[in-house]
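Chain lettering (A, B, C and D) follows the sequence in which the chains are written, and residue indices restart at 1 in each chain.
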Amino acid sequence: MKQVKVGILGATSYTGVELVKLLRKHSCASVAFVTSQSYEGKRMSEVFPEMLGICDATLTSPEKALAIGADCVFSCMPHAVSATTCLPFITAGTRMVDLSADFRIRDLASYTAWYKVEHPCPQYVRSAVFGLPEHYRTQIATASIVANPGCYPTSIMLPLLPLLKNPGTLVAAIIADSKSGVSGAGRSLKLTSHYVEVNENFSAYSIGRKHRHLAEIDQELSAAAGRDIKITFTPHLVPATRGILSTVYFQTNRTAQECLDIVKKAYAAEPFVRVRGPDDLPCLKGVVHSNYCDITFAGGGDGQPVIAVSAIDNLVKGASGQALQNMNIMFGLDEQDGLR
Amino acid sequence: MKQVKVGILGATSYTGVELVKLLRKHSCASVAFVTSQSYEGKRMSEVFPEMLGICDATLTSPEKALAIGADCVFSCMPHAVSATTCLPFITAGTRMVDLSADFRIRDLASYTAWYKVEHPCPQYVRSAVFGLPEHYRTQIATASIVANPGCYPTSIMLPLLPLLKNPGTLVAAIIADSKSGVSGAGRSLKLTSHYVEVNENFSAYSIGRKHRHLAEIDQELSAAAGRDIKITFTPHLVPATRGILSTVYFQTNRTAQECLDIVKKAYAAEPFVRVRGPDDLPCLKGVVHSNYCDITFAGGGDGQPVIAVSAIDNLVKGASGQALQNMNIMFGLDEQDGLR
Amino acid sequence: MKQVKVGILGATSYTGVELVKLLRKHSCASVAFVTSQSYEGKRMSEVFPEMLGICDATLTSPEKALAIGADCVFSCMPHAVSATTCLPFITAGTRMVDLSADFRIRDLASYTAWYKVEHPCPQYVRSAVFGLPEHYRTQIATASIVANPGCYPTSIMLPLLPLLKNPGTLVAAIIADSKSGVSGAGRSLKLTSHYVEVNENFSAYSIGRKHRHLAEIDQELSAAAGRDIKITFTPHLVPATRGILSTVYFQTNRTAQECLDIVKKAYAAEPFVRVRGPDDLPCLKGVVHSNYCDITFAGGGDGQPVIAVSAIDNLVKGASGQALQNMNIMFGLDEQDGLR
Amino acid sequence: MKQVKVGILGATSYTGVELVKLLRKHSCASVAFVTSQSYEGKRMSEVFPEMLGICDATLTSPEKALAIGADCVFSCMPHAVSATTCLPFITAGTRMVDLSADFRIRDLASYTAWYKVEHPCPQYVRSAVFGLPEHYRTQIATASIVANPGCYPTSIMLPLLPLLKNPGTLVAAIIADSKSGVSGAGRSLKLTSHYVEVNENFSAYSIGRKHRHLAEIDQELSAAAGRDIKITFTPHLVPATRGILSTVYFQTNRTAQECLDIVKKAYAAEPFVRVRGPDDLPCLKGVVHSNYCDITFAGGGDGQPVIAVSAIDNLVKGASGQALQNMNIMFGLDEQDGLR
């Protein structure tokens, strides 16, 4: 069987360690290196006690990792740092899945406007493929750089894209009210991730078109619709570790059932999208620790918006699981390998 | 000082015990009786261990309570049961605050449609006053029956009512995306309140104009606007004990700042509404265990909806605290007594 | 490859659904039937939304299951019900792993004293094997009935048994202070599992040699030591879904490091016991969703007790994972199949 | 009525803000200043959103606070920093309650051994009074410096001290297995207080006589018993915001009921100790947001240890509530003022 040698940059982030865990279950991928700025020289199992005996690999630097080499590199580093660190791998011809935002935004001015930094290697942006398998599978298969979508965007785009692409279906006034578990904020210490501040709390943030994920959401929805779309998006913090639930309101000429039928048909062959009945609402518990995106539609009628509800695990379908799905596609493997 | 003799029907519900706790801090109200169907004959402190030495009163039946009598009766019983049980107290001329929905809905057909039951004493519905002090203070002062608003409605109406009442302010396409802690579902056992099912979960329910609170929300918003309003409302369950946060989207001819100014002015003299700055978003932690409703406005511009965010403690401003505020108004007491 | 046809009785309990999930990852076991009293006729995925597309099998009755047949039956039913329901399978020669307490207690009088019921099929108790693979592997391999240990007992016995079996090591005055997540209390509705009662709470229960698990703990520790042992055991409820952490105090003639060495040596070849360093304390996060039991030793010296800390996932090594490990041993399969 | 002018040093710690909240309910104490190193110049309500309209005081420096002056200063600063910062207030004759460990340990060598620092003002240690009102009320009344006990020690000493002081009662082999909510770890950012690390986790720490609170526990228990006592103490972290539950095992010549009777008698007149029945076990939910310490006794017989279970709110009876109780005693006020 084909063997894929994998490297993980930024392996001590929550998405990094999730990727290591998923890769353990993969039938033909092996981890060649794991890197970390903060923990270089330590073992993965010293940083994450649950990894003892599972991944005791020593964390190395990106420089040393380059010498080791890999067939596929995953970057779990923050934006800008990611592209800069990956550049030598790209130059060396290594195929990569970037979990940061660096290669998601096609328009460099938009990237700079949202991320407040010049792109470190703009020459590679155009050739990068947006890694949403349900909509870019063919391009992902041959891509050198796959830009893994953001967690919120994945949960918002999956229910909407089939409708926006559907001729005769009008969609307008999109409002995405999203709720995320705290692991989405990462492992860096900050008061907004401090246990006592989050526990028994619930809050909105980046309200009013301030969240960076809007760049890719608008880009992809506009591309699908063939016209300029600017959604309303409010992220919220749920006192839970994992998961995103998005409640998406929109005006449409379709009933909720018609929306459901269109989306169900669009995803009929998809292994990781479950379109549920209108009385069988997606919830976090239904998807955490899996690569599923659960979707349904309700509401509508009498001038009311139709409401999509979607749920994913932010660390799996919203990050590392989708990254692995992308790798499987890139290397011609069973798309569900490591993700069942 | 004037003494108010208080009785609590359904005292072993979460709203009932919250009321008992609040009344302990009241300077001139004393609890004359507490009733319970399930725990009659037990002491409050046997049902709620935290009440030992605080409220050791023996739970009695509504029948025996009637003989004891009170200046003010609070009903924390479920709808229909509440009106039926309260009827003898009403007949006896006792003033009451009903925390159930029984006296909130002015239109009897609407009540029956939403609550699936004939009203037990329709003759008293018309004279009941909707107990939202910020908007019905004068009427509450002399009311015999005060219908304490629902928790979700309180969080949704408070930010919207001043705008709807404001001449020249247009408000349309209202969508309330609300998130509630689990105590809102009460103390009755059900799988949806079972720890393992709720913990690390987040879910929507009663989606698409199915939740009963729509009856009073539409009624009050329509009354304020002078036209028929039907909002979109999606309640969600937060894995936390207390609190409601509502994110309310609406189209308007005002900017977020103008909305904020209008609402701030409307509530300038209100002791329990805090209109916060647009960068100082309300959150559950800011209001739990208090009678405050925190409100702010953001978003808008460029065709985007303005977004109100409001937060309350569902058991305090959303139930027992507001009930006590109503009692204070009814009996000419300091409105903040017991609620500071 | 050998195929094992598996049946699950009581599949809608938390241990039942956990078993179904683990079996999905097994290379050669397939689920032939799932039974449920409460949900007969429904699909697993109607009861557990996360199972949609994963296990859509229809829940049947034990009677119908008997006609289907299986190589190995797992019982996830409550004690007494379990032995009664399993009897026809046993009679039919089906090998079984019983997750209830029915076949754990060798002394029938003790069983009746603790479980307040006559044993439904006492004739099978003697031949049943206590399913703690680390100490009964040989007997499990050929057993017809394997009595899967309780969750608390597994966490308490694993650190102690090698010491009690070690010649020259004295162990006395054992106190096990254990803390369990709420899934250990099962899926049946009760106030002590009601979200609002458990959340932000922490409590002891069955204090003072009142918990039924004492029967098997004393039995197994006494058997290992060759003398009568009665431990002190206090279970506590942690506001978390999964996991048990036991802090076990005992007087001994060994230092903590010597205890650690003895236990490390005893479990050197064990795939699912991780003996950690004394500064690398086991915690729930380190073991949940795995079949590991993490153990270390600290304290001692100057008359102080040595302290063992152990952690397991109550639903995996404490129940369904260990049951699957037992099945693997019984059928001569890779012991880690489905459990990696 | 006598007015007490109060100052709070380190007011943006969790104990500081809790003290501000408690003082709001006090009938005759007013806050003259609040200080903070990190937030000087900001308002309390900018740091803690819930304080808007409740405490909008501007945080100042200890130097400026000295000029303002107060009748009673509370220090919520870390050890060593506390004594150093308080020194000018002490010199100026201000009475103080120190919530840090600085004045708890009478033996300077022990202080230095446990806290790894020379005491900043050893000349004041001897005259300081250990602020456990139930055992030092008379001395507290006239003290200049009251050393407010630690949270764990309060929960462990209260059930044990009456037994140790009781002639004819033997107590030996004390093991305190304590469990604390996360607010006990303070507001400083650290990975062990990071939401994702704590949530759904449970862990032991400082195991084997390593926790600093042992210094004061051993000191006070030894003083009460008139002999040298060294207890075994294991702290654990509970995934909850507030509360400590201690399960304390000890050998004794008394039954559990006798222990209960002795302790009940000792605390008969105490407003903040509730000795509960042996079947009415203390739990966090019973005491959080109150100044109560709940206690009961169980176990014993047949060579088994007797088991005390005690529960407090770590931020109230374990810190700020007890500090306020001490102030009330120092200034001859109603001991329960602000704490009902």
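Heads up, the rule we're going with is that contacts are C-beta pairs under 8 Å (C-beta built on N, C-alpha and C of every residue); 3 or more make two chains touch, one makes a residue touch a chain.
Remember, predicted model here, so these are calculated numbers, not experimental data.
Colleague: Just tell me the minimum hop count from subunit B to subunit D, counting one hop per pair of touching chains.
Modeller: The fewest steps needed to get from subunit B to subunit D is 1.
Colleague: Of all the other chains, whose mean CA position lies farthest from subunit B?
Modeller: Centroid comparison gives C as the farthest chain from subunit B.
Colleague: So the centre of each chain is just the mean of its C-alpha atoms; given that, what is the distance between subunit C and subunit D in Å?
Modeller: One centre to the other, that is 39 Å.
Colleague: Please tell me the distance, in whole Å, between the geometric centres of subunit B and subunit C computed from their C-alpha atoms.
Modeller: Going by mean C-alpha positions, subunit B sits 46 Å from subunit C.
Colleague: Using the average of all C-alpha atoms in each chain as its centre, how far is it in Å between subunit A and subunit D?
Modeller: For subunit A versus subunit D, the centre distance works out to 46 Å.
Colleague: Tell me, which residues of subunit C touch at least two other chains?
Modeller: 199-200, 239-241, 282-283, 285, 288
Colleague: So in the complex, the part of subunit B that touches subunit D is made up of which residues?
Modeller: That would be residues 24-25, 49-50, 52-53, 200, 274, 276, 280, 282-283, 285-287, 289-290, 292, 294, 340 of subunit B.
Colleague: Please name which positions on subunit C make contact with subunit B in the complex.
Modeller: Those in contact with subunit B are residues 14, 182-183, 187, 189-191, 193-196, 198-200, 239-241.
Colleague: Could you please specify the touching residues of subunit B with respect to subunit A in the complex?
Modeller: Listed in rising order, the residues of subunit B that touch subunit A are 173, 175, 177, 179, 181, 197, 199-205, 207-209, 230, 232, 234, 236, 238-243, 245, 247, 249, 256, 281-285, 288, 298-300, 302-305, 307, 309.
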